[in-house]
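My structure is below; once you've seen it, I'll send some questions.
For reference, chains read A, B, C and D in written order, and residue numbers begin at 1 within each chain.
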Amino acid sequence: MSKVSSVAAAVEQIPYGAVLMIGGFMGAGTPPLLIDELVRQGKKNLTVIANDTARPGVGIGKLIDAGLVKKVIASHIGTNPQTQKLMIACELEVDLVPQGTLAERVRAGGSGLGGVLTPTGVGTTAGEGKKTVELNGTTYLVEEAIKADIALISARSADYSGNLRYSLTSRNFNPLMALAAELVIAEPNEIVPIGCIEPDAVVTPHVLVDVIVAKGAEK
Amino acid sequence: MSKVSSVAAAVEQIPYGAVLMIGGFMGAGTPPLLIDELVRQGKKNLTVIANDTARPGVGIGKLIDAGLVKKVIASHIGTNPQTQKLMIACELEVDLVPQGTLAERVRAGGSGLGGVLTPTGVGTTAGEGKKTVELNGTTYLVEEAIKADIALISARSADYSGNLRYSLTSRNFNPLMALAAELVIAEPNEIVPIGCIEPDAVVTPHVLVDVIVAKGAEK
Amino acid sequence: MNEKEIIARRVALELKRGDLVNLGIGLPTMVANYLPSDAGISFQSENGIIGMSALPDPGLAGADLTDAGGSPIGALPGACAFDSALSFALIRGGHLDVTVLGGLQVDEEGQLANWMVPGKMVPGMGGAMDLVSGAKRVIVAMTHTAKGAPKIIKKCTLPLTSVRRVDLVVTEMAVIQPTEEGLVLLETAPGVTVDQVIAASEAKLLIPKVPGVMGIAA
Amino acid sequence: MNEKEIIARRVALELKRGDLVNLGIGLPTMVANYLPSDAGISFQSENGIIGMSALPDPGLAGADLTDAGGSPIGALPGACAFDSALSFALIRGGHLDVTVLGGLQVDEEGQLANWMVPGKMVPGMGGAMDLVSGAKRVIVAMTHTAKGAPKIIKKCTLPLTSVRRVDLVVTEMAVIQPTEEGLVLLETAPGVTVDQVIAASEAKLLIPKVPGVMGIAA
């Protein structure tokens, strides 16, 4: 059975209130068609786990603009005044996580680890209320694994089985999020026949990808 | 200053009693010239962190044969009767670690993490004496980061700056170990000019590699 | 048909289209021989590849493409290679549908011991502890007895591989499903009676009214 | 030469051949402008690249190659791209030689606050907490005062970025080295007196007999 789906059909699978991981860094590597379709279908009450909320009108910023997001777990929202405004008005819950910690928490969630021990954030507000572990005289925060219902990722190429490779700084959180969600929907720039991405160039193995969206797909 | 070195000069930098990480899985991806030179120079009392000790006469098995190894930290020694014989005779200390845990411990060591929380080994001898952390009703072992003095890794290609890419199942522990040692010595099959490995194909960034060995190198 | 072949052919029936499967070294590896080439099953080798295949010809081996035992293998179209951390992220993270492993002992709680015999054989656990902790389904493929001694026993005496209950045990005599209530005898092999299975097991077996007859892949 | 340029030119002198360097958004990014192209320094952007360069021409931008602020950049020969986990493995794992960040406050213990003003500005820490915890050297590049108020103070009142002591603070007035004993005034800018620096700082400064004059990269 083909994994290829239209953008509309893929987004129809996303329930209201879903916990989404969305790849990208300031919009680069955020799947553009999936974002636009989320807005078109008006999927509400979303929890979004992502590095940032980009800018108004850009990438995840479009979801913020449309008022679809209930909660954001991110490392940075400083470039999006709308996110900050909604947060201050208590219309949007924001959980700020150090960027490297966010990457590890997503990776841990996808790797069957309970979490990681990191020195980042010890003694700061980022460490408040968290367990700590002492090892060889150093204190580490216990940073728990995080998972999502659905991951929306972008890629440079997919083959029809779902093997993915990425492009430059658009890679960022995408391969980590592909590990950490129940349903993984990938939006590649191109789809190539199986066997046309050499094994060493594949970054995300096909077994992690459930749906590949393509602009002209029938379904 | 060029990172390229002769095999002999590179191995001369390794002190007796060094803690070495050595890439490879049953010999595949273990740097052959560096292993042979370690034997030739008779570097004694080594601690070797590796997935396995391969077979007698193969890869890390050659170091065991030559009696150079004091301690092994590995996931599997079952294919090397010599390793088992020396262990039972108490002439070789062996610390057995689940393979996925070994991979994460090396990665953690190279990533500035204190360790990871894993469900693997809970309730078994692999968990004896280890700290545990409870999260959401699940018990995890605290598996500590591990580092080495020197990593010996193999690669398919290096460029002259030290960017590395790997080949198929020879990749295995090599990119993880490249993160986790003070000195990283890489043995590529070929060295290409800087700029000839496209940015997306680089697996180990050049900043991690200190020495590139080449058969015909002058130094 | 020898014991191992019976076991491998029965295990093959457990694998479904779309599954990602890891076959342990030895007997479990034989399972792949009894699947049609269009079965739609992906095999992972823990040393870092999905899409491995048998080597089409010994002359076509490459030193950089080996299985977890170090033997040369082939790759199918769509194969992908990765490092040991990602390999075990797939295993531990619940992305592996089935692991098939050998066993030394399985007990009434469904716990498996398969990685050492203290004082005699200490090969190390390799990937076994991660595989049993992390795979969605764990199938133990082993002979029912070892030199006449039962391997399906009340309580494991050898060091455990994991505290997780395995999902299915396939031997040349029977198919047994560990459950919360105990070991259920699902099927007996053709020509083997329920009483023979009971006699060859130390563990208590729960016997349904009509145990099935063990299927065997073509 | 404006304040920012003075600071950036002085920071440039701290970078050595072979260093892997991360420059924060804003003022720190300017540091790259004052290094010769053959300086042998590698720049990392935390969104996943080493070997970034300024865009040679606006017409040569690609959507998939951006800096941590989302602006298009170029790549040098030998550049390499990676995911966010490896990017922060490099930062946290001690592989990053120098990070240059902006600052809101630095105190007598050498601790930095640079990521939020409660109730006013909550941009998030982004990569700053990892950078300050993990880099081998942390250089704070900031103006000496904000609207006349000192930023070098006795004790940070804003939330800390890390409990780690930063290694150097470069302002348009002075170069200050936090040490176990306190903040040492290493250099004053050309035309700035020691007394002027003291007056513009709330923190106690340790004054060597002869503070140097601040160097400035060509």
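Everything that follows uses one rule, which is that a contact is a pair of C-beta atoms (placed from the backbone, for glycine too) under 8 Å apart; a residue touches a chain by one contact, two chains touch by 3 or more.
Quantities reported herein were computed from a predicted structural model and do not represent experimental measurements.
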The pair out of A-C and A-D sharing more C-beta contacts is A-D
Distance from the mean Cα position of chain C to that of chain A, given in whole angstrom
35
Please compute the C-alpha centroid of chain B, do the same for chain C, then give the distance between them in whole Å.
29
Nearest whole angstrom, what separates the Cα centre of chain C from the Cα centre of chain D?
55
Where chain D touches two or more other chains at once, by residue number:
49, 75, 81-82, 85, 88, 91-92, 133-134
Show the residues in chain B shared as contacts by 2 or more other chains, in ascending order.
104, 107, 111-113, 118-119, 156, 166-168, 171, 199-200
Viewed as a graph of touching chains, is the assembly arranged as a line, ring, star, complete set, or other?
other
Between which chains does touch occur?
A-B, A-C, A-D, B-C, B-D
Residues of chain A touching chain D in the complex
25-29, 51-52, 54-55, 58, 74-79, 84, 87, 94, 96, 98-104, 107, 118-126, 156, 166-176, 203
Please give the residue numbers of chain D that touch chain B in the complex, ascending.
20, 42, 49-51, 75, 77-82, 85-86, 88-95, 133-134
Under the touch definition given earlier, write down the residues of chain D that touch chain A in their complex.
45-49, 62-70, 75, 81-85, 87-88, 91-92, 121-130, 133-134, 159-163
Where on chain A does chain C make contact in their complex?
107, 109-113, 159, 161, 163, 179, 194-195, 197, 199-200, 202, 205-208
Along chain B, where are the residues that touch chain A in the complex?
104, 108, 111-119, 131, 133, 135, 138, 140, 142, 144, 156, 165-168, 171, 199-201
